[in-house]
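As written, the chains take the letters A, B, C, D, E, F and G, and residue 1 is the first residue of each chain.
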Amino acid sequence: MNIKPLADRVVVKMVESEETTKSGIVLPGSAKEKPQIAEVVAVGPGTVQDGKEVKMEVKVGDKVIISKYSGTEVKFNNEEYTILKQGDILAIVE
Amino acid sequence: MNIKPLADRVVVKMVESEETTKSGIVLPGSAKEKPQIAEVVAVGPGTVQDGKEVKMEVKVGDKVIISKYSGTEVKFNNEEYTILKQGDILAIVE
Amino acid sequence: MNIKPLADRVVVKMVESEETTKSGIVLPGSAKEKPQIAEVVAVGPGTVQDGKEVKMEVKVGDKVIISKYSGTEVKFNNEEYTILKQGDILAIVE
Amino acid sequence: MNIKPLADRVVVKMVESEETTKSGIVLPGSAKEKPQIAEVVAVGPGTVQDGKEVKMEVKVGDKVIISKYSGTEVKFNNEEYTILKQGDILAIVE
Amino acid sequence: MNIKPLADRVVVKMVESEETTKSGIVLPGSAKEKPQIAEVVAVGPGTVQDGKEVKMEVKVGDKVIISKYSGTEVKFNNEEYTILKQGDILAIVE
Amino acid sequence: MNIKPLADRVVVKMVESEETTKSGIVLPGSAKEKPQIAEVVAVGPGTVQDGKEVKMEVKVGDKVIISKYSGTEVKFNNEEYTILKQGDILAIVE
Amino acid sequence: MNIKPLADRVVVKMVESEETTKSGIVLPGSAKEKPQIAEVVAVGPGTVQDGKEVKMEVKVGDKVIISKYSGTEVKFNNEEYTILKQGDILAIVE
């Protein structure tokens, strides 16, 4: 199966990362805050809003920063994704 | 009887699915979260919003992902449907 | 007396229906949820919104589905009506 | 004294009516719900909204249906009036 | 000192009035509801909103009806004034 | 250091004033309500909003009346300022 | 790694400063209010809003004043940043 987001929506998958705290302790995924870096897995075709074309500026594979609370979480093929509008992506990480 | 949605509305029917959890237990429909995948059963004629034409991009039979909380549930011929605007459909599943 | 709705408003009368539950019990009107199917009894002349003409697409006698919470209930000649905007009508039932 | 509403506002006076309930009991004014039928006593000159002219379609003497909660109640010469925008008038009763 | 309101704002001073209730009792100012009739003491130059000119239609000395809750109360030279937008003035009293 | 407000923002400094109540008692600054008269100390370059130019109509040194709750308080060089949009200035005092 | 903000967003890093209170006591960073002065570390390409181009007027290295509550905090490479829209920057400090 395959997800095709509509309009200016983007499907992302949160990136879980092991991480070392300042004191040197490694936190497993479940003990951390929900991660804010996500990988783009599908991009919609763009849309028109207020009479202006919204072009898609992210592409599949981009690492992006998103707010913890933006978008809608969906379960699909036993995996969790977040579908959000491109305008809710804060930044691309390179 | 037949439902004809107005403007840019779409009538969908939630898809109930048996599903295996990661631990291998099969959950019957009633014990799960409300499903988020739905099948399109009727599509409105489109509308004009903010002076721009809204064309319908989904068609009857499409499987779509919708947010748990979008749209209005209606009972019709003893079946439950959700009527929502196309803009509240997050993605098409293929 | 006669009701003439203004702008893009529509006057509807809720349709009360006896109905058989899945277990076969007939529920009288008072024990059920408020019905969501209504009949159009008067239609306004249409309006202009955001610089675009809103044409009326429902006509007197149409059966329509409306959300339980939309519109304003009014008592008139000892009958209850709901006055709502055409945009709050979800679908026409045929 | 005289009230001249500004823009697309209308001044109405609620119509109190004795009324017979279905069981045949006459309710005096104070025991009933606030009436929803009102008579137009003054009409503003119209206005421009979102770049479109709003023409006045009600006139002094019209009986209109208004929502219980719309407009602002004012006391003037020891009488109570409601000042509301024409767009909040639901229908004209003829 | 002198107050010059900006844009489409108007400065008014509430009119306190002795008033006879229906039963004939005169209520002193402090026992009454906050008055809703005000006198215009200063008028702004007008403004442009949504690309349309907002002209001032009230003038200094006009008696106007305002909602109890609109505008901002300011103390100035030990007097209380209300500064509100012209669009919040409901009607002119003549 | 120097503050340069962006767009149509204005930096003001609240004016503390000793003031005599009607009964003749002088209230020191801390026992009074927060003052509503402020002096403009910096003015932004103006902006474009809804396709219309917003010109700055206040200048450094103007005494203005502002609502108690508008703008953002900032501490800067151990002094407190309020940064607000010109549209939140109610009037100029001369 | 590098952060590239989208549209009219700006990435800033709050400036922590030792500061002497009026009574002369030096407060360490953790005992103070969250600082409101930030340094710009990345600037987006600008955007189009309501049919008007939004040009970026801040540049990397600028010291800016931001409201305590605007923007989204992100952790990135073990450092905390705030990503906000240029329109939420109140002023530039020089």
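Basically, contacts are C-beta pairs under 8 Å (C-beta built on N, C-alpha and C of every residue); 3 or more make two chains touch, one makes a residue touch a chain.
To keep track of the chains, here are their UniProt names: A, B, C, D, E, F, G = Co-chaperonin GroES.
Predicted model, so just to flag it, every value in this text is computed and none were measured.
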- Item | Shared interface partners, meaning chains that touch subunit D (Co-chaperonin GroES) and subunit E (Co-chaperonin GroES) | none
- Message: Counting hops between chains that touch, how far apart are subunit A (Co-chaperonin GroES) and subunit F (Co-chaperonin GroES)?
- Response: 2
- Query: Rounded to the nearest 5 degrees, what angle rotates subunit A (Co-chaperonin GroES) onto subunit E (Co-chaperonin GroES) on CA?
  - Reply: 155
- Note on the structure: Across the interface between the identical copies subunit E (Co-chaperonin GroES) and subunit F (Co-chaperonin GroES), with over half of residue numbers shared counting as same and under half as different, the residues used are different
- Message: Distance between subunit F (Co-chaperonin GroES) and subunit G (Co-chaperonin GroES) based on Cα centroids, please, to the nearest Å.
- Response: 23
- Query: Just curious, how far off is subunit E (Co-chaperonin GroES) from subunit B (Co-chaperonin GroES) if you go by their C-alpha centres, in Å?
  - Reply: 51
- Message: Can you list every residue of subunit F (Co-chaperonin GroES) that touches 2 or more other chains, as numbers and ranges?
- Response: 50-51
- Message: Around the ring, starting with subunit F (Co-chaperonin GroES) and passing to subunit G (Co-chaperonin GroES), what order do all the chains come in?
- Response: F, G, A, B, C, D, E
- Query: Hey, which residues of subunit B (Co-chaperonin GroES) end up touching subunit A (Co-chaperonin GroES) in the complex?
  - Reply: 22, 36-37, 50-52, 57-58, 65, 67, 86-87, 89-94
- Footprint of subunit D (Co-chaperonin GroES) on subunit C (Co-chaperonin GroES) - complex, ascending: 1-7, 9, 11, 42, 44, 48, 50-51, 72, 74-76, 78, 83
